[in-house]
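Both complexes shown next keep chain A, but they swap its partner, so chain B is in the first and chain C is in the second.
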Partner chain A sequence: MESMASNMQNTVEQNAGASPSTPLLDIRGLTVEFPGRRGNLVAARDVSLALAKGEILGVVGESGAGKSTIANAVIGLLDPPGRMASGEVYLAGRRIDALRLPAMRAIRGRRIGMIFQDPLTSLDPLQTIEAQLLETITAHLGMTESAAQRRAVELLDAVGIPEPSARIKQYPHQFSGGMRQRAVIALSLCAQPEVLLADEPTTALDVSIQSQILDLMRQLVRERALGMLIITHDIGVISEIADRVAVMYCGAVVETGATAQVLARPAHAYTKSLIAAIPRPDRKTARFRLVQQHATVESTARRLDVKTHWLGQRRSFDGDGDGDGDGDSGVDSSNASNAALVELENLCMRFTTVPSVFKSRRRYLDAVDDVSFSIRRGEVFGLVGESGSGKSTIGRLICGIHAPHAGRIRFAGVPLDARGSRRALNRLRRQMQMVFQDPFSSLNGRMRVRDIVAEPIRFHRMAEGAQLRAIVLDLLDYVGLGGAAAPRFPHEFSGGQRQRISIARALATRPRFLVCDEPTSALDVSIQAQILNLLKDLQQELGLTMLFISHDLPVIRQMCDRVGVMKSGRLREVNDTETLFTAPRHEYTRHLLDLMPKLDILSGDGGDGDNPN
Partner chain B sequence: MARFLDSDLWWDFKHSPLVMTSAAITALMFLVALFAPQVAPYDPFDMASIDLLDALRPPAWAEGGSVAYLFGTDDQGRDVFSTILYGSRISLLVGFLSVIMAMLIGVLVGLIAGYKGGWLDAVLMRIADIQLSFPAILVALLIDGVVRGILPRGAHEELAVLVLIVAIGLSFWVQFARTVRGSTLVERTKEYVLAAQVTGLPDTLIVFRHILPNVMGPVLVIATIQLALAIIIEATLSFLGVGVPPTSPSLGTLIRIGNDYLFSGEWWITVFPGLALIVLVLAVNFLGDWLRDALNPKLR
Partner chain C sequence: MFFFIARRLLQAVGVMLAVGLIAFALFQFVGDPVNNMTGQDTSLAEREALKEELGLNDSVFVQFGRFIGNAARGNFGHSYRQRRPVDELIWERFSATIELSAVSALLALLIGIPMGVYTALKRHSWLSRAFMTLSLIGVSLPTFLIGIFLILIFGVTLNWLPTFGRGEVVDVGGWTTGLLTLSGIKSLILPAVTLAVFQMTFIVRLVRAEMLEVLRADYIKFAHARGLAARAVNFGHALKNTLVPVITVIGLQIGSIVAFAIITESVFQWPGMGLLFIHAIHEVDIPVMAAYLMLIGLLFVIINLVVDILYYAIDPRLRLS
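Right after this comes the complex of A and B.
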């Protein structure tokens, strides 16, 4: 009854002009359910959030925590069969969750603007930026064509697009990723909304563009006195932009408060461990802290004595013990064993972007342009760069997925090229393996886990029968998954578990060189910490040499001994990790380091004293 | 099995009466066709049991009909019900084998074109484009005509069913090839294929062990829909007189035979085989449509 009365009160206040104490957007006790075949899934549980004018409220949490559900519920766009089971949403004191569709449409876009993750899919590729802006402006504000046109140009100018009157005539594909996100922001501002909902607005963007977009959003919110709800999984984004932050876990808000306070002195156990799990950009730590709330899989892992196990029997690879050599490894490998395992010399790789029968008409993209470096035995070499810098291509060139256009790769002193016999090449291949980025596409969904892991061993005829089965189970134990996983299919596992299967498969041929291509960028922070710890342990126990490819500087700092910085296909700088982070030589490296989200306010030393485990 | 009973596909199936009815009808027609000699009251091709005095009898419920001939008899005194059972046997045989043949060719071509790419892909797909610009029935007619020209007169009667299967099979592979090529292009760039390449697996193993199982879903859907189409094409060819001979009639042949009597009042000779054809094709089509939607996660 009392809440009813206060609702009435709010309505009255709204009619009389909202009082300063009324929050701009007020979410009270919101519960969202997805009824389904296997019972109700509660995506958000009793969530209460309040957003004031000119304030940026960050909602942070891992995937599946219910962050996006809240934004969708606010604008009444829950995916069916989802529905609001209880709770109320107020916009400037007026209740909006029970509105009918036409009334809701008048609020969507008009009073609440939306910014989505992927700027490519939130713009219509077949319409010019102008057409899309004009459509929204005339639909919501009822302006004349010429007034709307003037306003559209002003908006593009306001979001920092140079030469707005010329660029407005262009199509989305003529804009770069960052420009597109600016255009999306302009689009969301068209109707002069009071509230902006931004769902992972910078996740698809490179670091340098991310910081520009965050700056722009902060500036717009301040200038126009908007309220902004920003949803992200990235604590770095939160610490840069949000005034207040709400931490979500399993559909519930576990902690709310001023950003500085929550990040520096988290009160809830989940927040504490989440913050502790973030890779530190400022110094190197021995191991990543784990998020406590999750049932840690590692406790079930049976430790193997690698020295006596099959996995440890890798002597046959090394130069002098090469019993099965049939003369093709002509270069003396013992000679090379003192330093470099993998050497790249003037490597070039170009992709044909415009194919043509005529040579002169073809267009190429130099993905890798004259790159030379070497990876020493037993070290972790990091490659860092923005998307499109060619770092993944280098990993694929080494593993033989692509053939280089020019230059050569040597592995243990033996040049890798297609001219060698297939058998000889296969023996080298078996010594290098790859761990991929996307755990959802890197496993064949039609094969059982045991067959996925066994396939490389079978193919290289390294073991068979009962021994093979035992090895597969041991491998699954070793990566912390347990033998019970063997008869199951990949879709029954979470992203982190799949990445463990992927690692088990990579280890199956007893490689001595492992290429990790963004192995954790698709994973949540807590899972990332587990996987990175696992990779570190493996590297040390098995004496692996690793090429670690990532765009994430803090992760690179924690994982790598030496780092190479890539930009537009060229290697800009190679140096020891510590030197590179403390005294970068190349201008571009300094630029990248500057853009790294500052996490200085994070709670002291990773919550060392707070987590007894 | 437990996995299947728990799957969304089975759940979906159990909650759609239309689909369950279609499945039941399809299964029934299959069984009846398969066991036609045991189920049918007469053997319509046993000359000894046919009595010309029984010719052109109406269905059992009409005036002058006999309980012995449920759907009446045709001009030669054959039981229409029995001829339908034997006829659907031929129709289903031709339909099945031609779709399997089309599937084998199409999947293979699609896998090669999609995985290898380059000029091979271009050549194969242009051939497919050219064939697609002819109606399937025209291609089947052409192949049938060529074979007729090559084979001696007597041999054709015996080989008619085989010729029909090859003709329809060769005119249907394009759909499979295009779909498989498209899926292969997508699967080829997925990381599990890259992982297999890194291990050093040869291309044939990658294609058949890794890619093939992942592109089979849409293939099964097309196969179901094509089965209905193949039955129709067979019926059309037989109706036009270039299909199976009247001595071992399929549903299409029966409709053609009955067509001559349609306007003289003996409607049952053509209507009942026609109804059987419609029911069979509809049921298979419903199954195919459902399978397509059920296997497409976007439509859930």
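Right after this comes the complex of A and C.
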């Protein structure tokens, strides 16, 4: 095994063009169609890829580019009604795409293993890890029960699960996300396949877990001389793990080559703009670069003269601006530029994880533990941390979705708590709005877009009738959707467009404080650039104060003025963005920055001046 | 586990007290028992004596306490009409209803679940389409109509099966059963099918919908990608996951089979508790109504408890370590 692995290493280092005699996996002219009522949708068009032993081939592209379709076609698991219209797939020189089901089943898992994106849903929740491993091992290798058992424990050990003989008896829900993905990898390696197809294997994981899993996969490929096809939308992952990369756009491969070469000197226009659109982790730029093919979308945005428009009126929030004189006008008059708008003092939030009648038996999770910081007027404050660090909970606490367990929140000097009158609280709530992470579940699918946007205006009785209709249309124009979107339903829009609807809804109450909770983490890099640019523009034009929550350090660097780093409910460090990135004080911040994909090999022309669209 | 069951039992006691209160309220608001039990020629003194004997002169709380205390021991007093202990009356009828409901439930489950699985796995076959059309008819037709149709076809026209009564019954240690005689079994067929049709079609649709959902899950695709046989994936992984949510609904459905039995029993003149209850309503026989209400309440509470324990046994995510 060892010597084989080192042999393979050599072949790998010879790299791209010099293909060995017969590639391990050879895809030739693959075209996949999804017949539908409105004609055929071609998901993959004439795709040719070759994978050698011991090689990691990355397939990168945005959603809908046809990446997953290729893996599904290779293993014969296209979702109906998808079908291979033309092309051939060869495994070690033998054609496999025309095989009948029993023969194909003997290849699945046995010769080609597959790893899926979401480790939380890839395992059967009702069976132990052991049962699932044993089932797969005995199905392929025909081992005795005890031999299979020994092999299962060895596999878990090989993928780095501690105490494998104890943990094998556990159920998937007793494993953390990273551990589950290790178990998934163990499952796909059960029958010693030669090829691994990994479909977004680290997308659902935190950065630190991601780098561990990528290390593990690289090590397994080397040790076992596997060939691995890794499908991802993340150039960072590609640059870390892939030997060669194929770039896909609209179902076709537009460019193939050695990773270093493609990322540093992309030849195709799409690859160039895709790479340029990645938020730079190393320095701040004025705007996010757009991916070329999508650039036309931006132009539909109509600029409003915010000074004269309804949206821009009464933006001072000082004095008796709102005319309903709740008496808090005096508090808010000191409008010094760096005065705090939102102040958190010793904020704590505790969730009960195991309820019990007896106090001693209850278990708690301190999601937010003694956090204090303040957000200045007009600044974008970033909160960064891994999942479960409590960053989203803080956003929700400020907006009043959760009530804090202890501590206090002050907004424009006024304490926010349930004791205040409902009316006064509503008045403050109107001034803060939220944009959520998932554009698919944060909009009511039964409401038309115009009603979604109008709802907060109606609720706060800020306008009605013809004026309201005009405001909604203007808002939709303002976020770049156009008034034609008004009578339609959310499902007719893409993820990026829905996020624009969310932003329009958030702006509808003329807020001065916006909480953006991972607003772009569900979006492609090209759409992400558009949305982040939009948020930047809005923030500047309307003088919004923003709390920007993200796990993505490069995005944080581009968006934020100051950043707070969260871990396990505690705030570890708060600093100016530039200082934090160049001279991190806290050990954990340094750790996070180390994990960030460096992308040093990227083409250096990501500057502001050239071609900013 | 122990605390889990203990808590559920405590909740069950609360539910039963609430049901008891409603049952007891019947005595207070529905008719005057003395009037119901006596004729026009009963003297005032005799009425007073009867009132005293029934305990109707005590305060409401004392009466409620006595009612609950007696109910807990299975004593619901005497039927106003038949002048016999209610528990005796119900016990006589109990076996008839339980046999009818159990056979119906078995029919519904044994036919409904496989049909649901089949229609989910072979979604586009003509047999699945036929099943789905039939199930639509079953869901939409009211139970009594199905019963009358069946009587018309198999009882009147074809004259194959008896259309009323329970046939010949055998007494096995105090439990009368119709399952041991030919005429008993023949009599059971029509009412059991009638009662099962709705539940069965309901279960078909439920299992199909849940199974289609599960078949789309990532772990099913992953199981296929590992090269497991279709049988292992469909029955080892998909079916078990399908049954988790289905069990709750099926549990409650079994409870409602007993409750729905009222209609079927009156259509087929089946001598069960449902028929007893219908007669009790006609005759404002409050002790029988109260006892029936409590019994059905108890049945639902027990089914719920069993469902919760089953859930616990099937789904490891509920077993907190």
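One rule holds for everything that comes next: the second predicted complex is superposed on the first by the 562 of 613 C-alpha atoms of A that agree within 3 Å, B and C clash if a C-alpha of one lies under 4 Å from a C-alpha of the other, contacts with A are read in each partner's own complex, and residues count from 1 in each chain.
In this section, a residue touches a chain if its C-beta (ideal position, glycine included) is under 8 Å from a C-beta of that chain, and two chains touch if they have at least 3 such contacts.
Here the structure is a predicted model, which means the values were calculated and not measured.
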{"item": "Simultaneous placement of chain C and chain B on chain A, clash or fit", "value": "clash"}
{"item": "First (chain B), second (chain C), both or neither touched by A:A269", "value": "neither"}
{"item": "Touching partner for A:V42 - first (chain B), second (chain C), both, neither", "value": "neither"}
{"item": "Which of chain B and chain C A:F436 touches, first, second, both or neither", "value": "first"}
{"item": "Touching partner for A:C190 - first (chain B), second (chain C), both, neither", "value": "second"}
{"item": "Touched partner set for A:N444, first chain B, second chain C, both or neither", "value": "first"}
{"item": "Of chain C, residues touching chain A in the complex", "value": "217-219, 221-229, 232, 236-237, 240-241, 244, 314-317, 320-321"}
{"item": "Interface residues, chain A side, partner chain C - complex", "value": "75, 77, 105-110, 113-114, 116-118, 121-128, 135-136, 139-140, 171, 173-174, 184, 187-188, 190-191, 354"}
{"item": "Residues of chain B defined as touching chain A within the complex", "value": "8, 11, 190-192, 194-201, 205, 210, 213-214"}
{"item": "Of all residues in chain A, those that touch chain B in their complex", "value": "37, 396, 399-401, 425-426, 429-430, 432-434, 436-438, 441-447, 455-456, 459-460, 502, 505-506, 509"}
